[in-house]
Structures are given as structure tokens and as C-alpha cells.
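Here you go, one structure.
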Amino acid sequence: MSLLLAAVLALGIAASLSAVLTRYGQAARTTVIGALTVAGAAGGLLALRVLWGQDVPDLVRPWLIPGAVFHLGIDPLSASFLLLVLLVGCCAGLYGEGYIAASHGHVPAAPARFFFLVLVASMALLVGARNALLFMVAWETMALAAFGLVSCEHGKPEVRKAGLLYLLCTHVGSLCLLALFALLGRNAGSLEFDAFAAVPALPAAQRTAVFLLALIGFGMKAGFVPLHIWLQEAHPAAPSHASAAMSGVMIEMGLYGLLRLLALLGPISMKASMLLIALGLTTAVFGIMFAMVQRDFKRLLAYSSIENIGIILTAAGLGCYGLASASPTLALLGFSGAILHTLNHGIFKSLLFLSAGVVYQAVGSRNIEACGGLQKRMPWTCALTAIGAAAICGLPPLNGFTGEWLIYSWLLRPDAGHGIRFAALAAAVLAIVGAFAVVAFSKCYGLACLGQPRSEAARGAKDPSWLMLGPMALLATLCIGIGIFPAPALHAAIAAAGNVSHLSRPAVSASFEEWSRLLGVVGLIGAGVWVMTALLWVYRGLLLRRREVGSGPTWGCGFTAPTARMQYTGSSYAVPTARVFTALLGTREEVHPPLGYWPAKASFESRTPDPALERWLPVLTARFNDWLSLPRQLQRGRLQNYLLYVSAFLVTILLWKL
Amino acid sequence: MTRVSSYLLLVVFAPPLMLGIITKTKAAVAGRKGPPVLQPLYDTIKLLGKGAVYSTTTTWMFRLGPVISLSAALAAAALVPLGGAPLVAFNGDAILFAYLFALGRFVTVTAALDTGSSFEGMGASREVAFSSLAEPALILAFSSLAHRAGALSLAAMFAPHGGPSAAASTILALGSLFIVLLAENSRIPVDDPNTHLELTMIHEVMVLDHGGPDLAFILHGAGLKLVLMASLLVRLILPDKTFLGPLGTLAFGLAAAAVVIGLVESSMARLRLVRVPQLLVAAICASVFGLILALR
Amino acid sequence: MIYLFLVGVPFVAGLVALAVGSDERRPWILPVGCAIHSSIIVACWRNLPEPAVSGWFYIDALGLLVLSLSSALFLVCSVYCLEYLRLRQERTERLFTACLCFILGAVSLVCVSRHMGLLWVGMEAATLAAAPLVHFNHNEKSLEATWKYLMMGSLGIGLALLGTFFLALSALPYEGHGDPLVIDTLLTRAGTLSVPWLKGAFIFLLVGYGTKMGLAPLHSWKPDTYGEAPGVAGAILAGVVTSCAFLGLLRAFQICAAAGLSEFAQGLFVLMGLLSMATAAAFIIGQRDFKRMLAYSSVEHMGILALGVGLGPAGTFAALLHLINNGLTKGVLFLTAGNIHRAFGGKTMDHAHGALRRVPVSATLFLLGFVAITGSPPFAPFVSEFGVLRAAVNGDRFGVALGFVGLLAIIFIGMATTVLSVVYGVPNKDSKVVHGDSPLMIAAPLVFMAAVIFLGLWLPDWLTAVVGNAAKLLNRGAS
Amino acid sequence: MEQLSQLLLAFIVFLSLYLLGSSSLTGCVKIVALQGMCLGLLPLTIHEQGFHPRALALAAGMFLLKGFVIPRVLLYAIREVKIRREVEPMIGYTPSLLLGAFLIGVSFVISERLPVPAGLRSSLLIPVSLATIMMGMLMMISRIKALTQVVGYLVFENGIYLFGLSISYEIPWLIEMGVLLDVFVAVFVMGIVINHIARAFDSISTEKLTSLSD
């Protein structure tokens, strides 16, 4: 346990040191890299030990805050998330150093370093917290650090807007969590997690309240629709290494919270699990549909995070269903699918955000349509991006598939069918989501990295330093590695899921045997794909070695003067898919067709605003403002009125209470 | 050993043969003689011996795409019972099967985008659009079959058993899978594999710039995909053990499937692009209905 | 004797300030006076002094708490004043300095007196002494604010006097036990007090001291006053004077609780608490003037204090803790708001943007102060606000808890909009740089912030003990 | 004696009502002065031990302060700012009177609920004081000129003093001094502020003092 404490402390101290050392860039950089290495090593060691069966005693220290105990504990559930936090945190942190250096002052170094380290430290603390107050402290520190990161480049109005929105959302979520813990603490008589677990059963109304509060509180952070409104605004606004940490890990902390509560409070009802599944599917479909039509690649990634959160929530809902129907196998399968996908998502999403950062720095824009042709100019970055993009689509032989495979295995399980009729429909929805992901990411990768440069800046792009490429390469290697050899990741996921589904250790390891065998075959076939690819590639090389290999322009179907502007744009690429779902997307198009017989000015513009943020929320706030304008009439500046309020209040109270 | 040899045999020879039979059927219906049945095989061999011309815009993705898509198809083939037990079978291989095709699609699409050609971009965009509807139909059909079979393995799901009670759901799944087959393999009424330069094309327009071994890989991969899906359907219809033996049954079935596809292509026109989603939604509906019957 | 020093030192300092002629030296009287005052209080902490003057003077845990807070706030603010007054050379600061000293004296009187009448005198003196602080800027707006402050304050103080009379009447008939308004006498005789008169006394004291404290709907002077007064005056008013008014209310509550009227009083506290929070919420949303916003935030926090006391022993503990936390955080906010105000020459969102670029330290502290005051961990107000919430939930007051959380959320939304707009962004080109950060003027809020963070992470034993004792005093009758 | 105090009390209420209906500023001040003198007499009549030396001293002090000193200050202020009339109060004179009557009713209702303190000769004292307080507040609420509001405040304070009389024997001088202090200091400070207002705005109409609002 002292390892966890050491990791948190190392990060925390380094955060303050880096803020102090801002003037001396090199020293600050060394501090950050050193702290990340130390924390990663210490925390990683601890997490691995716990995941591989070692019991680590809790650390309990008195803490002089009413109700608080400094209680750290680590079980496989914590350990698996800790692993993710440190992995992504270290990769993104190292990358961040390169990113800050390469930004030439656009990214303010001091806040970017400080808040990033605090963010990682608080998340590491969060997963170890075993006391509601400690949990809240870590939670809010995390939220505030992320706010600091989002607002790093506050000179831009859209960044300020995003920061404000994020702050509002996260605080509302935190308040719900406060209410939640107050409610749990009331019944347990203490704010210790162990005490929450010891409470036999809450009354039905309170159970509902706990469920709803947790759903809103944690869901706000995770970004369940329609609580996602901040996500697609805030993630693009933050510096890319921060977006990677936020999207790859921070939002997953919402799911950690939900899983932790489940582990403490036991099963939720069948109906509630169904609600979770439905919410998860809605979130997934919503997220990916809007990802598909984005032009800003960081926004696209953010929406895709919403999608993946939806998938994870669906899986968690399936786990809850298993708990509710007293079927430990189903529960374990659902939760391990959720956790495995969480780990995978953390890896590939942070990889993609990191490469998005590279592209952004090279091109100076987040618009896909300003990129193009980057693969020729920055081959390494784009190769890593390709791996990330394929992984996030859930394609074998990469890691994204492993988690989705577990979830599909639940949904298409023949023995799950009699209880949950719509499991197969859920599988179909997931299939749509998967197919849409292919649309979104073939667009993101294909149009940004391939083809011809669509802007001057894209023409001059270069691969970044190894400090930035190295962490990305590590993440990409993990994508491939887990895809081929999923057993370790599955082990972590199943061990963590065992915590949530209250299974004994032998049962968990038996289950692990079973699933690792099956997933091992998946990995084997994945390896087969790689081997086959290599063989065919060699074969192709042999074939071509003796032949003439020429080069020329892309064939323009007879048109002889093609330009880069004639390429398919990102928006047009997604149109055929989006057209089918126009009613759901609410895309607004503004068309000015050319008039007359001769070439004339024409324009076309399409925009797909977020419905929750730009359609529903304004209506709500307008209502609310109308409603608030009434009391505002009371403060009109007339002293006489103020005196009247005092007198009237006095007389009323006298007549009423005396 | 026999499994491996029959796998290799089918994987190498079935695709060109099946494409040849389709072409032959269409020619026959149209009253022409048509090219020899083995023509696709000759084409492939010829292409393998040719050099290649690459666009200056393209990168390694363009070259890797065909390779990966073929190896994905080959990997998928290992999961399909090709005249006997498949090379690899496990609970859940059906999902891997579906996703391996998705992998093939992803690399084909990105390879097409690598050229920077607006035509290929268009093809890619349509490909992903239609597959996003074909995918759920496939999964739903798999689901109803899995429920019937009690296992999520292709070998178990695509086996002729269950008797008349399951017939209705099986037929619906079959119909749905057939539409998916047509869509995924770019056959009429979704796509027309014979024309290359129409603005309405999907798959063929994506491979405009490929040539030489790359094109050979693509063509073979596409054919293999057709064979694999067809062989699954065949197993659903034909009994496992006929007098022809498993391999013979499969060969017969594939040939029959090729004839059916040829007949469909001859008797129908390509649908307007905007109608294609409706066809696929019909497939989804059929799957859903079949699933409901299977769950009943 | 020690009481005489506590009250007398500041008064003498004030008189000296009036007498000293040199504008250079006069401001130094403040920190010196405050330091002496604080050191006396440290002595009080070591060993509590005995009651004096037949029980008229005594400092119990509650008084000690409020007095220590006030003295600490004064000490730090007086350091800030040194620099502030140097910057405001154009204004004569004779009255300003003297009145600050008088306020400290009056506040000490309120805290050490065990006599409701004497307490009232202290409050009256503090109210009147604060008027020149509000008028310090000598412009039309500050004049208007002063007028409103004075009228509302006088009305409140009059009503509080009436309440004190009611209290005396409740003790009739009276047969020679010393003075009837001595709190200890009232407490020992609590059972024999006349209930209707006591209720009336509580209502009048609630309205009277509530006006001073700024509970809605008696708060309307607050935004004008805090908005127009200098930042340091705002910090003193919001942190010290309101705390004293709250102390007055708590004394009344103490007597009511001893007489078995705690439910009646708690009901009123909860009502006014929620009403204050709701009012603050309504006015904070869309507030463009950040000093007025702080005033409404003060209304909100007074509401939280009242609500906490209304929720029983656990809530009282949290409320008393919140008294400290709110005072310290408000110190940060008002002082830094003053700095930002000066840096931009305006106190609305239209004038002030991008404070982080112009006064980085002040802006950072302002932002942190905002985060703290809205109850985010790891800052001190979180502990106390969560305590209030827990008190509500543990007492099965789910509706109150829901209202509390909901209003906190709305207030957060309102404050965040204003604060972020002020702190972040790019300063207007045309607004000239008036004053940047200067060491002394950021040292004071920095000290407060450090305390807020420290108390958020570690509540010292002795503080918990004093707060706990004070809370026990207030709920003795109930148990 | 009891009759006399009843009479005085009734007269005080009447004066308050008269004040509500009066429009001349100097008139208002004079009425308040008269009311102050009545208050000065009251300590002598209200208690059984009427002519107690301290009561005498209090009566004398009060008589002087409320009857002469403060009115003088106010009259001086009126001369300084050169105004005569209260123009258009926010609530007209007749409605003010009606409201005043209503408030008297309310104060009787409230005092019904309070037991009459022992040793008090007149049961009227409590309701009358409450009514005076409320009418003072009404004046502060309904008048526009800052000076009239101060007059209202004086009436309010008179009410409080009246109330304090009920315990003037039992509790020490501190409370009475409190009233004096309050009135004196408040009026003193208010006078200064009004002076400032008149100089800054060229008027003492509070209509000008409404710029701070939301």
C-alpha cells in the first residue's frame, strides 16, 4: 500500500516542484519524467501484485476531518483501474513534455504540467480510496485538475466556454455524489466504504435515490447521454496529452465509481439493470452517430469516447443483469467485458488523442479537411494512428476486439436468451455501432492521413520528436499485443469483475481458465492474420521483385487536372451513412445551388449540432431564466422596498409563529 | 490433415470457380456462351505475374490493404466448416468471423482513400454506409441461429438440424443472410460487379487504382468472401452427410449457390442507390422476425 | 481585566488613529493594534479567563470561536490595509483606520459580553462604525450604499433592541437574581421564562440580527454595501460583522433551546436558511458585477449557517465550522476581488476580463476562493457544507437536503459563469493597467487561502474541540 | 395616574397617525418633538413607583433630547437643504392613514398573544408601542425624502422606547441609555449622510438613490 502512497506523493510533489521550476524548463521536464517513472513503477508493481493474487493490507490512518479516515485499500478492481491510470498517465505525461516543448509557448507549460500531474495523482488516489470523504477529495481534485487542463489555453473564447461548461457539469455531478454519500452514510453511520457494504438492505425509496444519484453523479463524469454535453466541448479544448488522460482514463473513473458502488452495495434490480443497458446502448449509438459527422478530429474522438462509454455501460448493465438474476457467470462475463473494454479503450483512445495532438501541432487546425496526405510526411505518426483507428473500431487482431467479443459472447449466449429477450437486439445495436465506428474512423484516419494534402500546412508536416512518438508506440504495441495475447488483460479484467460480482477466488480463476482459453483462440487467429499478412507481403514482394513497378498520378477517370480539393471531404464521406439517420442527427444544411446555365457562385454548408447542448439545454435555460426574472424584480434599488421586506417579514412571522 | 488439405483446396480454387459459374450462368441466361468457368483463375494467375503502377499519392496503406484483406478472409476461412469440421472452432467464433470481414472492409476502404481519388472516396463512403446496415442483419441472423443451435460457433449454428419447428426461423435467417451475402459481395441488386466506371459503383470503384498482384489479392479475397458466406448458407440447407461426402456436398452446394446468384443477377436490375438501404432494412426485419420465432 | 484589554485595546488604537497626524504612520496603528489583540486572544486560548463583573463578561467556547476568527481576519486584513492605504493616497484614511479599530473593539465587546444588552451595544457600535468604511470612496454610489446600509442597519438594530426588551420581559416577574439579561441567569432560569415573550424575543432578535447578518429577505442592503465598499471593508463586513450578528442570534437560540423552544427556533432557522440560499441563487445567476456576486454569496452562506443550526446538534457543529471557513474564504475572495477591481478600474464582467493575465496571483486566488466557497473538496468549506448536508440527511430532512444540494448547484452555476469570465480570457486593450499585484496585497489572501486549504485537509484537534464545545452549549437544552 | 398614562398613550398613537397624514416637513418634525415630550412624561406615570429619582432623571433627559435637541438638529437640516414639503409619497396620505389604522389593529392582535407583564399600570402600553413601531416603519417605507425617512425612524425609535418603559424599573439604566445612544448616534450619522446626499445630488429625494440594483 505504501507503494500507492509513494506513487501519489511522487506525483504530487513533482506537481508542485514543476510549478516552481517553470522558469528552468529542463529541470521541470526532468522532474516530471522522473516522477512519472517512479509513480508508474511503484503503482504498476503494486497493481500487478494485487491482480496476480497477492493480498495487500489496507492502510488506515486517522484523519482529523469529521467522518473521514485516511483509508487506502486495493483490490483487483482498484488495481486494474490503477494500472490503466498509470499506464495512460505515464504515456501521456511523457508525450506531454514533448508536446509542450513543441508547442513553442502555445501551451502554457506551468499549468499544463502541474494540473496533469495532479490529475494523475488524484486518479491514483481515487481508486485506492476506501472512505467517502477521501474519495470525494480525490474525485474533486481530479475534476478541478481536469478543469485546469481544459482552461489551459483560455485566451480562446471556445476554450473558455468549454471550461465553464465542464466545470458546471462536473460540479453538479459532484453534488449528486455528495448527496449519495450522505445518504449512504446515514444508513451506515459512517463514511467508510466497509460500513456501506455492511448495511443489510436499504428501503426501496432510498435504493432508488441511491441509484439515481449515482447514475447522475458518476454518469456526468462518464458522459452518459444526455449528461455528456460537456464532453465533446472540453476534450478538444484541452492540450492533447490532457485530452488523452481525460478521455482515456478520467471519464472511466465514472464507471469505476459505479462498479465500486455495485461491489459495495450488491445487486441492483432487474429493471435498473435494463435501464443501464438501454442507457448504454443509447449512449453508444448517439456517440458514434455524432462522431461520424464531425469535422473536428478531436471532437470526433470525444464523441467516440461517449460511444465507448456507452458500450462499457452496456456491458456493466449486463453484469448487473447477471447479478440480479443470480447468475454469477453472466455477471462475471458482463463486468469483465466492461473492464476489459475500459482498459482497451484507455489504451487506444489515448493513442488516438496523442496522435491527434501531433497532427494538430503539425497542421495548426483540428479540421480533418485541412489535413490529408500526412502519411507521406509523418509516416510514424500515421502508422500508429492507423493501428489506433483499427483498434477503436473493434477490429481483430487488435485489442478493441477482445472486449467487444466478451460483450457479444454475453449477448449472443444461447442460455441468456430466455431471460433477456432483447439481448440479441442489443447485439444488433452493437453491430451498428461497430459499423458506424468503421465509418467514423476510416474517415478520421483515411481523410486526415491519406490522400493529398488539403492545406499548405499539411504539406509541410513532419514527424515529431521521439519523446512524443515513443509513448504512442508503446500504446500501439499494447494494442497489438493485447490483440494477440489477451490473457493478461483478461486476467486483470476478470479479477476485477470478480470483486464486483462477489465471486470467490477459485470461482474467478475457474472462470478465467474458461474464458482465457476461448479468447486465447481469438488471439491465435489474430496472430494468424498477422502471420498471413507477413507471408503474403513477402510473397507480393517476391512477385514484384522481378516486375516493373511504375508510378504515376492517381487515375482521375479521364479527368486530367485533378486537384487536392476534388478529394472526397470528411462530410461528404459520412453523408451516405448519415442520410439514413438524418432524422436522428438533425443535420442542418444550407444550400445555395448555382443558378442559371453558367458556372456561378454556389455554396453548401452542413452542421450537426449536439442536440442536448444546442437544442434541449437552451430551452431549459430560457425557461429557467424566465422563472428567475420574477424574483429579480425585488431588487430594484429602492430602499423603501427593502424596508418593506423587513417589516412585512417581521409582521408575517409574528402573526404566524407567535 | 484432410481438414487442412480440404481447407487449402477450397481456399485456393473455390473462389475463382464460383465466380466463373456465376458468370457462366448469367451468360447462359442471356443466351451467350460466356467465358470459360476457370477464367477468373486465369485472370488471377495473370495478374500475379504482372508488375504494378502505383499512384504517387499512395503510401504503404495502399499496398498493405489488399494483403490484409486477403489474410483476413483466409483467417475467416479457418473458422468455416469447409466440408467437415473447421480448422478452428470455439464458442464465439461467429463474432470473430463477422469482424474479420469488417477488418477486410476497413483496410480496403482506407486503401481506397489512400489514392486521394474522389471516385474511390465515393466508393469507400458507400461501402461503409451499406455495411453499417448489413452488419446488424448478419449479427441478428447469427443470433437466431445461435439460439437454435445452443452454441455460438459457426460449425454448430450452420448445421441442418432442428426439424420443422425451427424451419421458419431458419428460412428467415437464410433469406436475411442471402441479402447480406449479395450486399457484402457487391452483387446485383446492390452493386454491379461488371461495370467499373459508373458513378454508382461501390466495391469496384474502390479498387480502380490497384493492379498486378494487389488486384489479384483483392479479387481472390472478394471471391473467398463469397465462398465462405455461401458455404455457410449451403450448410444450412443441405444435409451434412449425403452420398457425395462432405466435401462433395459442399462443392455441389457452392455450385448451386453460384447458379442461384447468377439467376438473381440475370433476372434483376441493380437497385437505385437510395433503395439499397431499404433492402438491407428488409434483411434486418427478416432477421428480427426470425429471432423472435427462434426465441419463442 | 483581560476583557478590558480585549475591548479597550482596539478602542484606544482607534482613538490614537484619530489623533495621529501623520498619514505615513497612521496605518501602522492597525497591524500593531491587531497584533496585540490577537496575542491577548492567544493568551485566552491558553487558559480561559474567569467570568467578571458579576457575570457580565465571560468568554465561552462560542465567543472564543467568533472572537478568534475576527481577530485573525483583522490581523491579516490590517497587513493588507498597509499597502491598500498607501495606494489610496488621495483619500484621507484617518476615519477609515479609526473605524476599523472601533469595529474590532465593538466586535470584541459582542464576543465577551454575557449580557444581551451589552451585546446589543456592541453590535450597534460595530454597525455604525462600519458606515464610514462603506463611504470610503466618497462617490455617489458609495453614498447611496451607505444610506441604504445605515437605514437598514438602524432598523435592524432597533428591532434587535426590541427583541432584547422582549427577552427581559420574558424573565418577569423578577425577584433579585442580579441582572435578568445576563445570559447565565437566563439559562439557569430558562424553565421559568414566559414562553410567548420568549418567542417574541426570538422573532425580533432573528429579524434584527438577521438583518445585520443578511439573511433573506432582510439582506437587500448587502449587495449594495459590499459592492461599493473597498474590498478590505467587504472582507471585514462579510467575515467579522456578520459572524458577530450570527453570534447574537446564537445567544438567542441558546436561551430558547434551554427553555425548550428549540424546535420553534430551528424551524425559523431552516426557513430563513433555505430562503436565503434561494434568494442568493436567483440573484447570482446572470450577475455581471463580481463584488455584488460575492455579496449574494455571503447571503447564501449566512443561509447555510442558519440552516445548519436549524438542523440540530450535528448541523450546529457543521455551521460553526462553516462560520470559520466562510470567514476565511470570504477574506480571500473580497481581498482579491478588490485587487482585480483596482487592476481593471471596474467590477463588472464588461470591464474585467483575463485577470489571470494582468494580476496572475490575485486571479488565481480569486478562482481558488470561488472553488472553495462553493464547497469543493479539498477546501475547508467542503467539510462544513457536507456536514450540513449530512445533518439534513441523517435527520431525515430529505426535502431540505434536496433543496440544499439543488440550490448549491444553481449558485455554483451562477458564480462560475461570472468568475470564469473575469479570471480567464484576454484583458481589453483599452482598459489601462491601473495596479498590478503587489506583495503585501497578495500576502493577505494567500494566508487565508493557505488556512482554507489546511483546514480542508486537517482540522486540528483543539479547533474541533472548541467547535464541539460551542455546539454543545447551543444544544444543551435539547438533549 | 393610570388614566393619565392611558391618555398620554392614546395621544401618542394619535400623533403618529397625524404624522402619517401630514405633508409639511417642518410640521412633521414638530409633531415628533411633541411626541417625544409625551414620551418624556410617561415614565412618571406608568409605574407604581412613579416618582423614583431615576425615573425622574430619565424623564428629564428624554424630554430634552426627544423634545428639543433632535428636532432642532432636524430643523437645521431642513433649513440647510431648503425643502418644505414631502412631494407625492409612495403611498398617498389617505391610504397611509388607513394602513396606520390597520397596523394598530395588527399590533393589538399581536399583543393579545402576549401576557401583560406584572407591575405595569397600563395594558395599553404594549399595543401602543407596537403600533408606534409599525407606523414608524410605515413612514420609512412610504416616504420619498430622506429626511422624512429619518422622521419615520424617530417614530420607530419612540415606539421602542415606549416599549422599554415597561421594564424601565426592572432592568438597569443600560437599556435606556441604549435607546438614547441609538437615537442620538443614528440621527447624528444619518444627518451627516443626508448632508452628503444633498451636496452630491442637489436633492434629498431617494428617487435619485436607486442606481444600485439588479
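A, B, C and D are the chain letters, set down in written order, and residue numbers restart from 1 in every chain.
By definition in this document, contacts are C-beta pairs under 8 Å (C-beta built on N, C-alpha and C of every residue); 3 or more make two chains touch, one makes a residue touch a chain.
Computed from a predicted structure; not experimentally measured.
Taken together, chain C and chain D share the touching chains A. Centroid analysis (C-alpha atoms only) places D farthest from chain A. When the interfaces A-C and A-B are ranked by C-beta pairs in contact, the top one is A-B. Separating the centre of chain A from that of chain C, both taken as means of CA atoms, is a distance of 43 Å. Mean C-alpha position of chain B lies 99 Å from that of chain D. Taking each chain's centre as the mean of its C-alpha atoms, chain B lies 77 Å from chain C. Mean C-alpha positions place chain A and chain B at a centre distance of 35 Å.
Chain contacts: chain C has residues 147-148, 151, 155, 196, 200, 223-224, 283 touching two or more partner chains.
Within chain D, residues 113-114, 137, 140, 149, 206, 209-212, 214 each touch two or more of the remaining chains. Within chain B, not a single residue touches two or more of the remaining chains.
Looking at which chains touch one another, you get A-B, A-C, A-D, C-D.
The residues of chain A lying in touch with chain C in their complex are 63-67, 133, 136-137, 139-141, 143-144, 151, 154-155, 157, 160, 163-164, 167-168, 171-172, 174-176, 178-179, 182-183, 185-186, 624-625, 628, 631-632, 634-635, 637, 639, 641-643, 645-646, 649-650, 653-654, 657-658. The residues of chain D lying in touch with chain A in their complex are 90, 106, 109-110, 113-114, 134, 137-138, 140-144, 149, 206, 209-214. By the touch criterion stated above, chain C contacts chain A in their complex at residues 147-148, 151-152, 155-156, 159, 196, 199-200, 203-204, 206-207, 211, 217-218, 220-221, 223-224, 264, 267-268, 279, 282-283, 285-286, 317-318, 321, 354, 356, 371, 374, 376-378, 382-383, 386-387, 389-390, 392-394, 401-402, 405, 408-409, 412-413, 416-417, 420-421, 424-426, 456-461, 464. The part of chain A that touches chain B in the complex is made up of residues 372-373, 375-376, 379, 382-383, 386, 390, 393-397, 401, 404-405, 408-409, 411-415, 417-418, 421, 424-425, 427-432, 434-436, 438-439, 441-442, 445-447, 450-452, 517-518, 521-522, 524-525, 528-529, 532-533, 535-537, 539-540, 543-544, 547-557, 562, 564, 566-568, 572-577, 580.
By the touch rule above, chain B contacts chain A in their complex via residues 48-61, 63-64, 67-68, 70-72, 74-75, 78-79, 88, 90-96, 98-100, 102-103, 105-106, 109-110, 113-119, 121-122, 124-126, 128-140, 142-144, 146-147, 149-152, 197, 208-209, 212-214, 217, 273, 277, 284, 287-288, 291, 295.
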